[in-house]
Each structure stands twice: as structure tokens, then as C-alpha cells.
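Chain nomenclature is as follows: A, B, C and D, assigned in order of appearance, with residue numbering initiated at 1 for each chain independently.
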Amino acid sequence: MKTPQEYIASLAAMKHNVWMNGQRVERPWEHPQIVPGINIVSLTYEWAQMPEYADMMTATSHLTGKTINRFTHIHQSADDLQKKVEMTRAYCRATGCIQRCMGIDSLNALSIITHHSDEMFETQYYPRLLEYIKYFQENDLVGNAAMTDVKGDRSLRPHQQADPDLYLHVVEKNDKGIVVRGAKAHNTMAPYAHELIVLPTREMKEEDADYAVAFAIPADAPGITMVCRGAAPSVKKETVAPVSSRYASVESLTIFDNVFVPWERVFMCGEWQLAGYLAEVFATYHRHSYCGCKPAITDILLGAAALVAEYNGIERASHVRGKLTELMTTAEIVHACGLAASLKGQRMTSGTYLPDLVYANVGKYYAGTNLHHEIELLQDLAGGLVVTLPSEEDINSPEIGAQLKKYLAGPASVAVDDRIRCFRLIEDMTASKFAGLLMVAGVHGGGSPEAERLAIYRSYDLETRKELAKKAAGIGM
Amino acid sequence: MKTPQEYIASLAAMKHNVWMNGQRVERPWEHPQIVPGINIVSLTYEWAQMPEYADMMTATSHLTGKTINRFTHIHQSADDLQKKVEMTRAYCRATGCIQRCMGIDSLNALSIITHHSDEMFETQYYPRLLEYIKYFQENDLVGNAAMTDVKGDRSLRPHQQADPDLYLHVVEKNDKGIVVRGAKAHNTMAPYAHELIVLPTREMKEEDADYAVAFAIPADAPGITMVCRGAAPSVKKETVAPVSSRYASVESLTIFDNVFVPWERVFMCGEWQLAGYLAEVFATYHRHSYCGCKPAITDILLGAAALVAEYNGIERASHVRGKLTELMTTAEIVHACGLAASLKGQRMTSGTYLPDLVYANVGKYYAGTNLHHEIELLQDLAGGLVVTLPSEEDINSPEIGAQLKKYLAGPASVAVDDRIRCFRLIEDMTASKFAGLLMVAGVHGGGSPEAERLAIYRSYDLETRKELAKKAAGIGM
Amino acid sequence: MKTPQEYIASLAAMKHNVWMNGQRVERPWEHPQIVPGINIVSLTYEWAQMPEYADMMTATSHLTGKTINRFTHIHQSADDLQKKVEMTRAYCRATGCIQRCMGIDSLNALSIITHHSDEMFETQYYPRLLEYIKYFQENDLVGNAAMTDVKGDRSLRPHQQADPDLYLHVVEKNDKGIVVRGAKAHNTMAPYAHELIVLPTREMKEEDADYAVAFAIPADAPGITMVCRGAAPSVKKETVAPVSSRYASVESLTIFDNVFVPWERVFMCGEWQLAGYLAEVFATYHRHSYCGCKPAITDILLGAAALVAEYNGIERASHVRGKLTELMTTAEIVHACGLAASLKGQRMTSGTYLPDLVYANVGKYYAGTNLHHEIELLQDLAGGLVVTLPSEEDINSPEIGAQLKKYLAGPASVAVDDRIRCFRLIEDMTASKFAGLLMVAGVHGGGSPEAERLAIYRSYDLETRKELAKKAAGIGM
Amino acid sequence: MKTPQEYIASLAAMKHNVWMNGQRVERPWEHPQIVPGINIVSLTYEWAQMPEYADMMTATSHLTGKTINRFTHIHQSADDLQKKVEMTRAYCRATGCIQRCMGIDSLNALSIITHHSDEMFETQYYPRLLEYIKYFQENDLVGNAAMTDVKGDRSLRPHQQADPDLYLHVVEKNDKGIVVRGAKAHNTMAPYAHELIVLPTREMKEEDADYAVAFAIPADAPGITMVCRGAAPSVKKETVAPVSSRYASVESLTIFDNVFVPWERVFMCGEWQLAGYLAEVFATYHRHSYCGCKPAITDILLGAAALVAEYNGIERASHVRGKLTELMTTAEIVHACGLAASLKGQRMTSGTYLPDLVYANVGKYYAGTNLHHEIELLQDLAGGLVVTLPSEEDINSPEIGAQLKKYLAGPASVAVDDRIRCFRLIEDMTASKFAGLLMVAGVHGGGSPEAERLAIYRSYDLETRKELAKKAAGIGM
């Protein structure tokens, strides 16, 4: 397993094609908007080295028997799934979003679908993938999942778009490999990942066969351009809350302009019948991950809510306890779904364990449709200062700073600086660009609420319930 | 293990002191309002004999090594807890409420608290309880949990009430045993249980010591009077839905008028410090049970919703699918909490496994505060006929029946009789006295939503979250 | 204006064709299930005579200048609309549902559409209708709105049904009038109304022209059969709450078997283009009425909630106040919509005022999707006794009654009989067949939530909002 | 009435004591963070000059008979109240928040309480206030309401705070006037208002008498320091949405350091009995204003939602229409409460009309507890691009801009630039500092949800409802 230092060194060794704010970023591993993302991923290398976390953060490769970072592991049991969701919550309590989940969620999904494909179509994807996974594990790599196409007119299928490139597709095949063109959106972490793992974004029909393509590619391969934006505050300040200034993600719109992919890295190419299944299985893994990260965000919001209530002197009020209890309930509903999805995980034909689809979807759906209310509760408990607190410069001003601190005092037992820091945290978490990202990622990360509802409806065993009702009604007896 | 027939025979052998509608019920095991309850409990004897259910419905006694009905088992592992919650869902899919859960929830709670009491106070309750449990297992008994006192003025503690009997209490102690007086409310199943297991209903202060009492007593012991009401439809009709006419519960207000309890059946007597803990532990077990039964009720409501949509010809409408998905989501959130509470169950000092308190409470709380909305969804999909469907006599009338059936037709593919039965089921489940019981039991069974919120708030590890927030805010660093 | 006695006498003078429980009801005005409905309607004759209510309960006919019952008035101003909604709340605070609203809602709707029809198609419906309204006002009649067809397969249009009678339609026209066949469902109040006012239930296409029919017909006309069910408790008891034993509605499935309607009572016949508009305008009036009656039901639920909290000794608890406030908020949101719909009411071409469609729909929608939650709140505050309170016979039993009353005591200051009555009321209002009707009528009365959402979406001025957004975004500037 | 130009000139004539980002702002009327606020207020001068808006935006002074800006008017009728709430919606549709409401809400509240005070205590505040109002109307002034104290430990009353200045209070009285010290928070618009109107923030006890103080003071009076922050984007960009770059508010923490107020501008001084009443009456007016502005914000969010759905090609999907309908419903519930509060407004002893307290509170409460969900709906419909859209510089880059525009295309009929602008608007409105302000102002503006719930509970006529329930239950009959 790599150390954080080795990870950063490996990034520095990459060619990079990263743009931000109209300029090519020459040294992305040092850019102030990208460093917070690298800090996050570094943590996954750091904690994996710590003996007290060994059981949770590492695993034994089923391919090589070696100890590997759990973020490179193919889940072999329900217990593996449980550890993944608990590891995710642990990391995200420190960082808000650990990001590295998406790579391993992709590889697990591919391990199921390639095996299935080989059975159905006599393709050779599964052994090829295993080779790739070994390489991935041994080099302790960071993989980005590049899934969501830009999609153009969403009422049209891929091949129906005015511009055929609005979904990424194969434009050429030869005996060395394939050439692809298109763009993938919302690629969190892309500028500091080693690999892009490209998956189809939806089910396909036969006419869309060229769009049914999955592969892995080094993130600095020729033809790839990343246009990025960061979520960290643009100016570094003393009292800015660490959670957003030290740990924040970067989003990329990634353009694939005639990118060549050798066959040994191609895991789907034309098997349109399995494109939707692959998308769904990846989504299931990723929604399972959200059952770890979203409760972690609630953990922080809840802690901030309890803290600000104390700093405002209202912690004993009945409505305050009620609101804290709502936050607790939300966190644990989501996490319970993650645990249930693990416990009810199923062994697929390749041996990989897949979380229960219904529970994984229910958990992410509940998280995504309750986050805004959680933010409302925190803002409710905090009060207007969240958005009216004077700037750091004013508070530090030799002329007006003392007056400001006089008037920003809470209960006598609370240091005014702590109170100010607490409000800065809540501003960052609920009333900033960072908060905007948090909210939108809560709704759309891993798929939209409608996608989750559809997945639940489609996979639920409704017929059994209709039979129960018939029996209860005395129909057909 | 007893057969259903042996169970019914054992009821017939009991002295009974059951009142209903102003009259003493001479043969409760034949009373039309009580038979539906007996039908339910009989099922727990029947399925336990079926090989295909053996793993779920039976267990191995940790005391005797014998195969026992799981409803008499003291949970020895997280897996036992999971099986209990899954068994509960399975039974309740057929019956709505299996009822026998409460006895075993009481005994498990006592197995924890008596052990604790012996450690704290050098009492001898735990070995005494083990003897009782052996007896309970060997005779495959049905135990009712008599917990909720009538409570008088709820703003006053037990010893402060105008009438000291408004909470059940010890009025005499002698070397043979104790004498108790008071009344317990909402005792589902009491008239067809063998044993009443009496528990304190709340935490106590020192002045309430006489009220800190727990014991088991045969349901037909001298001094016990049960005043009952049934939930089954008062008149048996052909098309009444089986779920309420064949399976329905009976509620008892049980009066203890100077009832003598021998010491070998007394499990708490004056240890006021543990009264609240016992109440909480029982509640945790019982809320865990609700994570099985409430999803089962949703299973039936969901099935009925899907069925009536089909019988109305609207099953493909987008809003219909959306509403079905809401029902699915609700069921699985609750069940996920039950599974998570099992998985995270803890071994207590006596060896008994206790479900995770937070998950058990969150599950019951979510169930209890969403059931009315589920009923709303079902009524929404069904339409006004739920409450305007003409009576069975009208539909069967030789003069107007044919006309009615003409106009009660749905899609041509649906038999009109099936459609009528489906509406009867929905009427029973959502618009009847039976439905009223369902709703109130959903809210208050196992404790009120406020009690659950309080339990969550009190047992949640809030300090850890505050530390996370401090770290995120840079406080104290 | 009639007196209550004259109203009852007029019912006795009618031929009746009312069935209930498989039997023809010979004297419906004396049937214990129908009397509670008659009691309600009688109130509208009684209060209209009371000077203190004159301004609210009566109006001046715009046709004759005479003082008339407001339930026979065609609204001539926004103030008329406001009085109608406030009158409805006043009556329903005493009765739960005043029922007589539907007749006048129908006539107001017809006064708009017939005028429109005459303009569009040179028909002569409007003057014909005015004659009928004069007759209606002068005889102070009670009109039932017979609107909802039985509908068969709801995915099919009227003319597509397997049985053409599943929507009421014209089967013959001659120079005297028309002959119709079909059935109308959910006809509250039909067996004690003088007139049935028949309206189409939905928009129609040209092929459905025979189904586009509206008319008024005496409720005892040849060929009409009503199959009824009542919502009152089946057995009259002393402590049964007056609200359901004295005041309850009756629902009818009304069969029209080749019923002849003379031309002077026909108000639409074949103008399929206006069928949907008529249905919508009636629905708007009726949803406006719900903005009066639903807050009245909440008034009673809220009062019961406050009372039971007091009778349980918990009225000062913070969560109790919170729940009462939720009920207050719900009532006033709905009523505010009724007031706003009145204030923004529009004068139509006939001079009739129509409530604002959006506000009327929003109000009814909010009411219908919150009632179940209101019931949940009341049950939450009341506790399990709502469904476990022993029967009246037990409480009055000379043998066990005294013991029961001892244990049913609340705070010392509350008479136990009052506490028992309070629980009976809550049982009636939330956990009985009557409650079932309340809930389903809340959801479906005046149209389903989906119908209301569709009405809001269709009539809302969305383009203006898109323009605002474009301006805010700088699009097209 | 002033023109916009005169307004700006009048600001330039003021001494200013405005700080931002650690620096004194020399020319606040030109500061890029303050100009957007001035733009908003200028609109109130501009539209008042437009004949088509005359009826809504101007009024006739009841003191002088002259035509005045409605933002300086004391409401003399229910119709005045209705026009105020409709004017507020009209202005806020363009600006999001019109800000000038708070001054006139303060003066109306003072017109009621000073009259009341003179009656109770024989003070002379009311005639003094009328003089001030004449001056305010004739000079067409902008008044800021400085109400919320910084409050320190919220569990303590004003006089109990560790630092007595944590609530603003009188530190000296002499024959010329009074001297006050303290600070007021969340003073939107203060740096571009002419006058600060200072009100107490809560009810007081006798020991708090020095804190029961209300007055008006020029915003540039000696001793006043404003520490401000703006909500506009920090960098002006081409495609930034006008709504936030052209129209945005400024918040001030305003310090009163021994500020002298002459008696003719003092409207409460020591009448602690009326402090809470004044706070409540101001809050009622201001919550009534929110019933205009919050629907306007929903108008914009709804427009953006409809637009982005179209630009994504999903406008015909059933769930999309459902979400748009939810937004419509929310807007109109709030506005209906504003209209109902107007219609049911009451004439107070001074002749001033006060909106109905319950409706005003219900409206604001509903708005404040639904805004986050509205934002969720909009983000749901828009998708991830809200937070991952590349920067303006990237899109305009000669090197990568063309590629980006290729991939940011929506349906072929939509100009890609319009689609980009639309996403920028949604980013501004939902995922930015500006959005943070919107959300927090939605929750806390005019008082917190808990304050509103308390106001509803306290002022609701609960006894009448208890009587209804008693009657329905047959209690006391």
C-alpha cells in the first residue's frame, strides 16, 4: 500500500490536462483549489497504515492474498459490504466526502457484469478485468468513475441526439483497441485520480450499441481534457472552517477527444443489453456508499447544531432537543439502510457481493430528500448570524474588532472565538458554494431521487404483496 | 412444543375472569370476538411444527438444549435477533399482528435486568427467572406483557396520584410472596394468554419504590379481572375480509384486586433504581418487534393498493407507481432499522442479546409516524367506494343485487366479486374500528412517538458528534 | 324559507326508493341511519330563521329580490363567496359536514356554463336554468349533486367501456325530453334531498357526446333507485358522541334506469366541449366549500386534542402545545385559501362569481392531504384508550362499573364521566366507520388530490414565472 | 415623492460609518457590494412614479392627504393591507427582496403601540410619532428596522446578561433626550437607509425597563457604526444572473456607542409592559410582508424550474409537473395567508389596520419551513450542473470554450448560452452565498419558526374549539 507521500509523488509524475477558471493548471497537485481534494484522498492512504484501523480500512485481496487498501477490494462477503459502509462513514466524518469510493464501486460493478457478459456472449472481459484489478490493487490506485454523460436533450436516446457525441461512444475499433469520443460530467476527483473508469450512464437499445462501452484509462491519457471547479473557499482565511478549506472536492467536466483505449482495458464494447444493468449495479454500490457518507455529514451537522445551541444558551429548550433528535433519526435511517443492504447482500456469479438493491436505494433516496431539511434545522437553531456575521477582517480589525467581539459574545462560559468559529462552520456547511455542492451532491450523487424511486419500484417484489392482499381479502380462495 | 389443538385445550382448562359488553364471558375460547385472537396465536403453534419454517420459527434453548418455539427463546446472538424480527414480519403478513411477541420481549428484558439487579443489590432474581423461563419454554406458554398502568394524572408521579392504585403497586409483603393492587391497560391478548408478565411502566424515584414491581402470574389467578373489547367486525359476513374477521386482537383493561404473587414469580420488588431501565429495555425489544410487524402491515396495504389500482384500471399511471413506491420505501426503512438493530445488537452481562436501542427506536418511530399517511395513500388510490360500497345484503339482494353488480364492475378482465372483496379489505384495513385499532396501535404500541424520541435523544452519542463539529470548526485545536 | 318541520314534512310527502342492508326503506325520514342526516339538513332551515345569523345564512335573491336561504343563492360578489365559505365553517363546526352545499355549488356552476353554452351554441339553457333556480329558491329546496359516475375501467373513456352504462348517458331524446341510464356513486344526502342535480363527471370527446348531459330531477322520479349506507353508529348508546350519533351523513349509489327528464329540466345535452368545463367549475365551487368544512373538522379535532390533553394532565407539555399549533396551522391554511379564493373571485359572463380556481384547489388539496396527519396527532395526544376503552355496558355494569371508573380517572379535577365521553368522541372521530368516512371524504370529496394537482397545474400562470426567471437569468435581454 | 436619482443623491449627502472587510467604506453608495442593495431600493422610487403602478405603489396620506409612496403609509383599511402584500410580491418578483418594507412595518407598529401607551400611561408618544411620520412621508425616506439585539446568552433576560450591553438600553436620560448603548444585528439595508427605527426585540419584565426603548435616528448619527457584509457575488461577471449581481442586500451589525436621541424621536422609554406587544405587532406586520415576498421568490424558483426542465428536455415528465405543482402550491398557500390576513385585518384604536395575527404568522411559518424543500425541488429538476458547470472564464476560453459549449448543449431548440445562463441563475439562487442568505432569511426573517408557532398558539382562540369538542362529546350538557 502506498503512503500519502507516495500518492502525491505519483500525481506529480502524471501529465496533466486540467483547466480551471480559463487557464491550464500546470501543477494541479499544488493548486489551492485542488489541494483540499488531495488532502482528502491522502487520508485514505494514511489511515490504512494505522493499526487501529486495519480491520476496517484494509482487506485481504481475494486475488493475491495480500493486504490491500479496502478502497481497492472486491467484496467477498456481507461483512465486507458492512465494513465498506462503516469505513465510508468513518472517513466522511472527517472530510464530508471521501471520494475514493467511486473507483472501487466501479470495479465491483464491473466484476459482476463482465462475468455475466462472458457467460452470455462468450466475451473475455472478466479475466481481463481481474488482471486490471490486480494492477490496481498492487499499485494502490485511485480510480474516478466517469459515468454521467452530458446527455443533451434528455428526452432523446443516445443515438437520437442532434450531436452524436452528447453521449460518449466508440468511433473506431481496431486490433489494438478502440477510440472513443464524448464527455463525462460531474467527475469528482478526476484531476487527482490515477485512473478514469468509464461506464455507460443508462440502459441502451440496439441502435445505441456504440454507446455501450466501459473501460479504464489513465487520467492523463492523450485526448483527455478536464475542465474543473473546486468547492473550497476561494480565499484562505484563518478562521475558515477546516472542513471546507482543508477538505473539499473538485468537479470535472471531462472531454474525451478521440481517446485510444487498448483492448486489455476495455470491459464492455457493444453489449448494449448489459449497459443498463451495469449502470444499475454501479449505482447500487454507490448508493450503498452514500449510506455511509450521508450519515457522516449529518453527524457533523448534528454536532454543529448541538454546539451552536450550547453557544446560544438554548440547549435545554424542548424544541432544540426535538430538532437534534430529528437529525439523529435521519442519520440512522440512512445508515440502517446501509447496514441492511450489507446484511442482505447477495453473492453474484463472479463471487462478488452486491448490496441489496432495495435497501441501498431506499437509504440514498431518504438521504437525498432530507438533507435540505437538515440544513434548515441547523440554520433554524443557529440564527441569522450564519449569514450576517461580519467578516474575519472586520473581527480582526484593530479599530472595530474589540467592539465586534464584545457584541458577538454568547453565554459567559463560551469563548467568543469559539462561537465565531462555530458560526463560520455553519456558514460553510449551509450557506456557501460549498454548501451548494453538498446539497446538490446529496440530491444527485449516485443518481437522482427519481432514478432511485424507479429502481425501488422495478426491483421490489410487488407480486408477493398482491398475493398477501388477495389472501387477506379472500380473493381466489 | 404444543400443537394448536393443545393450546386451545389449555385455554379451556383455565378459570377465566373475562368481561365483555357488560357480561362475564363464560367460555372465552369460543366467543366470536375472542376466537380471531386465538386463531392468530394458534398460528404460532402451527408454523413452528412446519419443517420449512423450523429455522425461523424455532430455536434451541440455551437452558435445556431442546428445540423450542422461538417465541419462548432468550436471544443468544445477533442472528437470533434478526430471526425474531424476520419471524415477526412473516407471521404478521398473514395476521396483521402476531401478539405473542410481547411475552418473549418481557422475558428477554427481565433476563437482562434481573441479572443486573443481582449484581447491584445482591438480589436473587436471575436464577429464579431462569427457572421460570424453563417452565415457560417446556410448556410452550403464551405470555402477555402487562405494562402500561392507567396512570391517572400524567403530570404526577405514581406516589403523588390522588388514588394510590392508579399505578399497580405492592400493598403487602410476607414470607410467601407479595400482594399487589392496581390495573394495567391495553393488554392485548390477555384473555387467551396463559401468563401475565407484569412490568413497571416508567422510571421511578425512591418514593415510588412500592411501584417498582415485576412478576409473572397465571392469567386466571384469583383477584384478576379482565374487561375486554375485540377488534373483529361485530357481525360475521361472507365477504368480510379474512384478515379482520379471522384474525383480530382483543384488548383488556386488567384489574388486579389484591392479587397474591409467590416469591418465586417475583422479579423486581422495590428496586426503583432499575424500574425505568426495565421499562426501557422491554420497550427496546418491543420496538424491535415492531420493525417486523409494521412492514408486514405495509406489505398488506401495499398489496391492496396495487390490487385496487389494477381493479380500477389505473395501475400504469405515474402517480400510482409513485405512491406504491412510497409504501415500499416506508416498509423497508422500518425493516432496515430492525435488521440494523439486530446486527448491532449487544451481548449484555447475562448473555442475552439486546437490539441496538437507537435503531429499534428509530424504526418504531418512523413506522408510527407514517402509518396514517400509508392509509391515506391506499384510500387515495382506491377512491370513495371504500366508504360508499353498498352492504353485502344489498349486493346479494335478489331485487337490486344484479343492478349493483352491473355498476360495480371495473375493467372487463376483473371479476366484479373480486373487486368488491378488494374494497371490503380496504374498508376493513382503513375505514373501520379495526382500522382505528391499527392506527392507534401504530402510534402507541410499544410506546408513544414522544417516548421514542426521548429514548433516541438520551441514548445517542451526541458528544462524539460535537467533537466532530469542533474539529471541523477548528475549535480547541 | 321553510322551517325544519316543513322540510321534514316535505320529505314525508315524497315517494321513496331507498334501499339499505338488503331492504327497501319504507319511511326513510324515520330510519335511524337516515335521521342523523336529516338532523343536519334541518339545521340549515333552523339557523336561517335566527336573526343573529341572518347576514351569514340568508341572502337576497338576484332574481326575485326576496330573502332566501344562502344555500339556494347564486353568488353575486366576492363578499357572497366569503359568506358562503364562512357559513360552511359555522355549520360544520356543529355537524362535521353540512351536505347542503353541493346543491348550490351545482346550480352556481350551471349558471356559468349554461350561459356560456348559449353564447357558444345558441342553446337556451340559461333562461331555463333561471326558471328552475327561482323554483328552487321559492320552495327552499335541498339539492344533491349527482356527479361521479361509477366509471368501470378508469383507463377508458365513457364510450369505450365494455358496458355503455358505466357512465350515465342519454338513451333517447324526444320532443318532451330525454331518457337517461346509468348510475352515480357517492351521492351523499340523496335519500333526504328533494332534487338530484346531475352533472357530467369529466371532460369528454366527441364520441362521448351522449354522456355530456346535465339536468335536475326530483329525487323520487320513476326509475331512480338509491342504495344507501349510513355512517352513524349502528347501535344508539347513551355516551356515544352526539357528533356522530346525532349528525351523520348517508351515502347513496343511485341507479338511473331509463329515467325520463323533461326538456325544461335539461341543462346540457350533447355539448361535449363544455362537459369538462362544467365538471371543473362545479369542482371549484365544491373545493371552495371544503375550505370551510375542513377547517371546521379541524376545529373539533383541535378542541378534542386540547381537551384530552387536559384530561390526561399533559396540557402544559411542550410537545403537546406544538401539536395543537400544528392543528391550528392546518385549519387556517385551508381557510385562508377559502378566503383568498373568495377575495380573488371573478365575475363570469352570467354575473355569477366564481372563486379563484388556484386558491380553491390549493385549499382542498392541503386539507385532503393533511387530515390523516391531524388524526394521527389527536390519537397521539389521546393514547391507547381511544381503542381500548371498555364498552359502555361494562362501564355501567353494577358488578364491574365502579372498578372501571376508579381506574379510568384522570386528574382529580376532571369528572371521570367527562373523560370517558371525551375518549368516546375521539374514538368516533378517529377510530370508527364514521372516522373512515371522514378520512375518505377528506381525500376524495370534491375530487382526488391528483385531480386537484392537475387543476392547479393547468390553470396556473406558469408563463409569467418563466418570464421572471428569464429576466433574472438575463436570458433574451 | 423622490426620484431614484434624488434618493441616491440623498445617500451621498450622508456621513457614513460603514465598515466592510476590515475597512471603512468611504463612499458606500458606490461600493460594488452595496450598489446592488441601492438598486433594489431605487426601484421603489422608480415604480412609484409609473402611472400603471400608481394604485398599488402609492397611497394617500391620512395625515396630509398627499400622494405618498406606499412604503411610507399607515394602513387605513383592509384594502391597504392587501395592496401592501401585493405590492411586496410585485417588487420581489424583480428583486427577490425589496427591503424597504421593514421601515413602514415599524412605523405602523409604533402607530398602534404609542397610541396604546398614551392611553395606558398618559405618555405623549403618539402625537410625536405622527409628526415624525409626516416628516418621513414628505421626505420619502427609507427606514431600517433595527430590532434584533445580539442577545448574548439567550437563556437569560436582558438585565441578567454578563455584559449589560448585549441588549440595547438607555444609559442616560436628560431633558434633551436619551443616550443609548448596545448593538442590533441583521440590519438589512442599514448602509443605504436614511433612518434607523429601533425597536425592542422581546417582551420585558420590570427589571428590564431600561431595555424597553424605541426611537428613530438618522443612520449617520454620531456613535453609530455599521459593520456590513454583502450578498452579491464578489466578482462581477458577464453571465452572472442579474438577480444576484444587480439586486442583492447588505446586512449590518450596527453598534450604538452612547448615541444621543432627542425626545421628539423617542417612542418608548421604560414602558416595559408594552415592549413585547410592540415586538409582536411589528413581527405581525413583517410576517405579513413575507406573505408577499416569499411567494415572489417561489415565483422565480418556479420559473427557473420550468425553464431548466425545458432546457433539459424533460418538461413533459409526470414527476416534473408534480414538482412544479408543489412549488405553485407553496407559493399560493403563503400568499393566501397574506390575503386572508389582510381581509381579516382589524382597525386598532389609533385607526391603523393590523393584519390578522394568526394568518400572518401561519403564512410566514409555512414559507420559512418550506423554502429549503423548494430549493431541493429546483436542484432536483436541474441536475448536477448547478454545481459542476465550468466557470465563465473556461466557457469563454478561446482554447476550450468551443468544446465546452458543444457539450453543454441541451435540446436542439435551446440556445446553449441561454441554458448556461439558466444554470447560473439556479446556482446563484440555490448554491451560493446569496442562496445561503435566502435560506436563512427565509427561516429567520421576521422571526424564527418557533417564535411564529408561539405567536399562533398564544393568539389562537382555543377555548372556542374546546367548547365545540365538549358539545360534540356531550360534555356538560
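FYI, a residue touches a chain if its C-beta (ideal position, glycine included) is under 8 Å from a C-beta of that chain, and two chains touch if they have at least 3 such contacts.
This is a predicted model, so every value here is computed, not measured.
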Can you list every chain that touches chain B and also touches chain D?
-> A, C
If you tally the C-beta contacts, which comes out ahead, B-C or A-C?
-> B-C
Roughly how far is chain B from chain C, going centre to centre by Cα mean, in whole Å?
-> 38
Could you please state the distance in Å, as a whole number, between where the Cα atoms of chain A are centred and where those of chain C are centred?
-> 51
Find every residue in chain C that makes contact with two or more other chains and list them.
-> 319, 322
Chain C-facing residues of chain B, complex = 19-24, 148, 150, 152-156, 162-163, 165-166, 183, 185-186, 225, 227-229, 231, 251-253, 255, 257, 312-314, 316, 319, 369, 371-373, 375-376, 379-380, 383-394, 396-397, 399-400, 403-404, 406-412, 427, 430-433, 435-437, 439-441, 443-444, 448-450
Any idea which chain A residues touch chain B in the complex?
-> 82, 93-94, 239, 241-243, 299-300, 302-304, 306-307, 321-322, 324-325, 328-329, 332-333, 335-337, 339-341, 343-344, 358-359, 362-363, 365-366, 418, 421-422, 424-425, 429, 453, 456-457, 460, 462, 464-477
Residues of chain D defined as touching chain B within the complex | 318-319, 322
